[in-house]
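One structure is given below, represented as structure tokens, and several questions about it will come after.
In this document, chain identifiers A, B, C, D, E, F, G and H correspond to the written order of the chains, with residue numbering beginning at 1 in each.
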Amino acid sequence: MMKILVNGAWRETRSAELARALEELGYGTSVVTTAVNGEFVAAGERPGTLLSEGDRLEVLAPMQGG
Amino acid sequence: MLQLYQTQLTSRLMLGTARYPAPAVLADAVRAARAEVVTVSLRRESAGERAGQAFWSLIRELGVRVLPNTAGCHSVKEAVTTAHMAREVFGTSWIKLEVIGEDDTLQPDVFGLVDAARTLCAEGYEVFPYTTEDLVVAERLLAAGCRVLMPWGAPIGSGRGLNNLFGLKALRAHFPEVPLIIDAGLGVPSHAAQALELGFDAVLINTAVAQARDPVQMARAFAQAIEAGLAARAAGPIEPRDLAVPSSPLIGTAFRG
Amino acid sequence: MLQLYQTQLTSRLMLGTARYPAPAVLADAVRAARAEVVTVSLRRESAGERAGQAFWSLIRELGVRVLPNTAGCHSVKEAVTTAHMAREVFGTSWIKLEVIGEDDTLQPDVFGLVDAARTLCAEGYEVFPYTTEDLVVAERLLAAGCRVLMPWGAPIGSGRGLNNLFGLKALRAHFPEVPLIIDAGLGVPSHAAQALELGFDAVLINTAVAQARDPVQMARAFAQAIEAGLAARAAGPIEPRDLAVPSSPLIGTAFRG
Amino acid sequence: MMKILVNGAWRETRSAELARALEELGYGTSVVTTAVNGEFVAAGERPGTLLSEGDRLEVLAPMQGG
Amino acid sequence: MLQLYQTQLTSRLMLGTARYPAPAVLADAVRAARAEVVTVSLRRESAGERAGQAFWSLIRELGVRVLPNTAGCHSVKEAVTTAHMAREVFGTSWIKLEVIGEDDTLQPDVFGLVDAARTLCAEGYEVFPYTTEDLVVAERLLAAGCRVLMPWGAPIGSGRGLNNLFGLKALRAHFPEVPLIIDAGLGVPSHAAQALELGFDAVLINTAVAQARDPVQMARAFAQAIEAGLAARAAGPIEPRDLAVPSSPLIGTAFRG
Amino acid sequence: MLQLYQTQLTSRLMLGTARYPAPAVLADAVRAARAEVVTVSLRRESAGERAGQAFWSLIRELGVRVLPNTAGCHSVKEAVTTAHMAREVFGTSWIKLEVIGEDDTLQPDVFGLVDAARTLCAEGYEVFPYTTEDLVVAERLLAAGCRVLMPWGAPIGSGRGLNNLFGLKALRAHFPEVPLIIDAGLGVPSHAAQALELGFDAVLINTAVAQARDPVQMARAFAQAIEAGLAARAAGPIEPRDLAVPSSPLIGTAFRG
Amino acid sequence: MMKILVNGAWRETRSAELARALEELGYGTSVVTTAVNGEFVAAGERPGTLLSEGDRLEVLAPMQGG
Amino acid sequence: MMKILVNGAWRETRSAELARALEELGYGTSVVTTAVNGEFVAAGERPGTLLSEGDRLEVLAPMQGG
């Protein structure tokens, strides 16, 4: 188990791989876009991206904007 | 027709999607405005709520082009990363670039703005920078690769209209060929008509529509006023004068000896 | 619907008929404006030319209601006699009462205006007095029998827009039930939209349309702007603020720890 | 023959009656409205209205106005 | 020197005497302002209190000329009777004529004003009518015998400055020889300086001094600003321009090949 | 007292030395203004004419502190070199830093300005940057080491007064502790008084004095107006209101039953 | 005794003559100016001016004014 | 003899040393400040500063400024 900061809140995840971690966290079918430690990680790179303890993961989705 | 990068648009009214009382009202307002472009943003998605998914479905059903923004970004790094993320999720190279420099007025940080614009233009983004009326900043943004500018009318959400009329006129006069879109600060349709009359190419409205008592009617009113302003510009308005000129001809006036 | 005396009108744009480049342009402008009321005047007719006959035919073909004015009158006597003559030839009791007090600004002589209004109202005319923003004068005109007021926006033909905004707002606030039509001084459609947004009931435009490079397009632009202003008033605009309010929600902003 | 001021210009007319004088002056079929010495004279009163030497007659017709 | 009727004055600042925190503050303010004229009024005297007697002693000690007003009068009759009473008690034929037409804006009733002015001028009063910027009203007041006019800057006590700049400029231009004193509505010394710069002859201030946190210092500030405005008018100011003109000469600029 | 870096000043009026009709007029204007600081510049000296020597003698005789500018510099390099040269010849570390970005409006290039300010502050200069009303730029200039800012009122030589009142008020509110000197664009003393009333610490005037018909009288007028504005700020002005407040008390009004 | 309206309040006075009534009402030495029923009565006319029951008497003195 | 650009105009000077060149050019006793090729040269450094053919020399003095 690993602790990472998901959208500003501490969460635990078993998988270190970003793609799996997202499924585990419940984002399996959502249209989202991700950044790890402030760097964008494209959808295609999620399978090969490994998370480490304490990483900051942003999972963003479309929202209203002006 | 208004050309923004490679895209031809008929409508001169872009609509923000935030702060509406309900999603259905937003949808109706976009239709009433006959907007072809709406601005959108990104936020943290909660796995349980999936609020973003519903919003995104709504927007796609409207069949409009989206212009994602980098609202809330205070640094070049944040703005650039947000642009990257926006391109992926919204499937567009358009980015309304906001780098906020001051939280009271939400005014652009023109230094960060130019830096971020340079980076994003180099990466192939079509950047719509939210900027001030500063001519020199405008020059830098164009040098950075921007082909459209979005000067503020007044601070975001203030509803004050074109605050620095002198500065905005100078900006328009200085860059006659660059599409200039007034972004932020307008309150009522007459403000928008005035912007078009002065030669600005389009207007982006959010708060003034979304927070009106009847957003749908207000959206329609803005659309009309903007068409009126555009037509008036083309129709060649009279020049203001200091003294009165009679509209009824004086020749042939009765009772004059 | 706007009620002026016994008449219900849909359009909030009245059009003057003077100073157009050609009669056909006037006719097209009236149609483009969807105006229901046009102002007309009287002048000395030459037996040979019969210019008035041609003009009158043109107006009748347009199928609009006419509002004859007493333009050029500088005394009560002249204005009252002109009103008598106008009623006969135009077949209407409506009279746009102008008693000019000063030739540079063509501003109303409010003393003569009230006197003439009293006389004409007593004779059964439906008087539309061209007046200033002066509240006390307005009170006197209402006491004289007027049920509609036509305050100036700015001196006739000046194209300056609403010159004394504070005074005009006070007038509107003071007589919430009286139809108030802004007459004179507007230059561009945004001026007209603003008038409606402030609660004025209608606008009379002449020079700004007739002397535009393309009067027909300008007429259409004014019509749209006026509809926009009316709709905006009904839609409940936001209040202007001093400080900025973010339109994109800040909750859920990324990269915030 | 009588001299009167018609729309500011001196004209001669044989008839002293306003209706006939108007015809004589060429306004026979025109839509006009009249005033004599600053007083409105309605169309119906023209037959009975007599002009005197030096009278000021206004003959007005519709015109453009703002 | 400013001539008002037969009186020559050096100071262009007249001071109202109402609403000061204490009589001593009023006295100090009059001295700080170097005012030569103060306005005074009449009120019902209670036999017990004798408040009026104390006030009158204070004013007489100041050695200034008094200009009694007819404040609060809403009819010609009241204003004329008040003028009669004022002449007796204050021993002056000067009268600042106010006929109030509307209680929200305390604006002049220009009809009553002209009537009362006609009566009082005929009786030998030297009338200072508190009026609007209306040119035609001004013409009537002059015809009635007034040799000085006191147009409002803005509603009494509003502190807004010169509200209808266009109208006030027109008034000044129209009557180049008539002493015009801006009465009411100014809030800060820059408003007063502007009035003098525009060619107005003097300014009457009350609320802006009396209700300032430090009335004495504010009185002095107004006096200075008014002298500055008068001097600036005489010194021939530059004309405003649209484009920038370098103040440092460009000839001889270094590093230019 | 106003503290600018280590220097305490009494006068709030700085005077530019260019564009006067004659050197003696400049000298008299400086004395009339009671200025403690004048701005000066550098230009190419012809060995034959030695114009600079005469000017420099004149200034030294006036016994005022000089603030050299970098007028005409369009790049950081030029501005920095000019500052170096100015320090040598004028014997002061003060430098009014101008980096011009646009020749029509002579507006600051805020990018070059911040760069040059950073360099010069690091070298021990006391930098007075000529800047816009942009809050974010101001923040950068302070971060660069500037302890005084000189925001423009309007484009140099335009005489328009405080063009973007909203923006300038925001700047003042945002940096309550930083000395802010309005530089450029003022036309008449009332503009200067207004600047002080709004809380700006001082004003630099050149064209409005030098190009007035009588520069000496105009210098005196500006000095007075600035003292008036400063005093008014301290005296606690009334707040502007929308509705009228009677200055003559209504209690005790006669003829009221 | 006679009732008159003095500055808007009912007062009783024995004397019908204005000059004496003023003294009676306490205005003996004050600088005041008077009107009866809306008409100014100059100081010199006060001795000869007679008041009637119900008359409206205004007794005014200098005050602050703008 | 060497040609240099003095305040934007070509001039000839015999001396390559800045201090002497200035005297030669007639600035001997003037209060001036100098830059060579865009770089400030302080008064104290003028004696040791050598000019080369084609150098751009700026000789500036106090002027009016806004």
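Here is the rule we go by: a contact is a pair of C-beta atoms (placed from the backbone, for glycine too) under 8 Å apart; a residue touches a chain by one contact, two chains touch by 3 or more.
Because the structure is predicted, anything quoted here is derived from the model rather than measured.
Contacts with subunit C and subunit H are shared by E. Centroid analysis (C-alpha atoms only) places G farthest from subunit B. Each chain gets one centre point, the mean of its Cα atoms, and the points for subunit C and subunit G are 54 Å apart. One simple way to say how far apart two chains are is to compare their mean CA positions; for subunit A and subunit B this gives 33 Å. Between subunit A and subunit H the centroid-to-centroid distance comes to 65 Å (mean Cα coordinates, whole Å).
Contacts with at least two other chains are made by residues 16, 18-19, 41-44, 69, 71, 78, 81, 104-105, 107, 156, 160, 184, 206-207, 246-249, 252, 254-255 of subunit C.
Contact of a single residue of subunit A with at least two other chains is seen at positions 7-8, 35, 38, 58, 60, 63-66. Chains touching one another form the pairs A-B, A-C, B-C, B-D, B-F, C-D, C-E, E-F, E-G, E-H, F-G, F-H.
Against subunit C, the residues of subunit B that register as touching in their complex are 16, 18-19, 41-44, 69, 71-73, 78, 81-82, 104-107, 155-161, 184, 187-191, 193-194, 197, 206-208, 210-215, 217-218, 220-225, 227-229, 231-232, 234-255.
In the complex of the two chains, the subunit B residues touching subunit D come out as 246-249, 252, 254-257. Those residues of subunit F that touch subunit H in the complex are listed here as 16-20, 26, 39-48, 50-53, 55-56, 59, 68-69, 71, 77-78, 81, 84-86, 88-90, 156, 184, 204, 206-207. Of all residues in subunit F, only 101-102, 104-105, 107-111, 114, 132, 134-137, 139-140, 154, 160, 163-164, 166-167, 170, 174 touch subunit B in the complex they form.
By the touch rule above, subunit A contacts subunit B in their complex via residues 7-8, 25-27, 30-35, 38-40, 42-43, 58-66.
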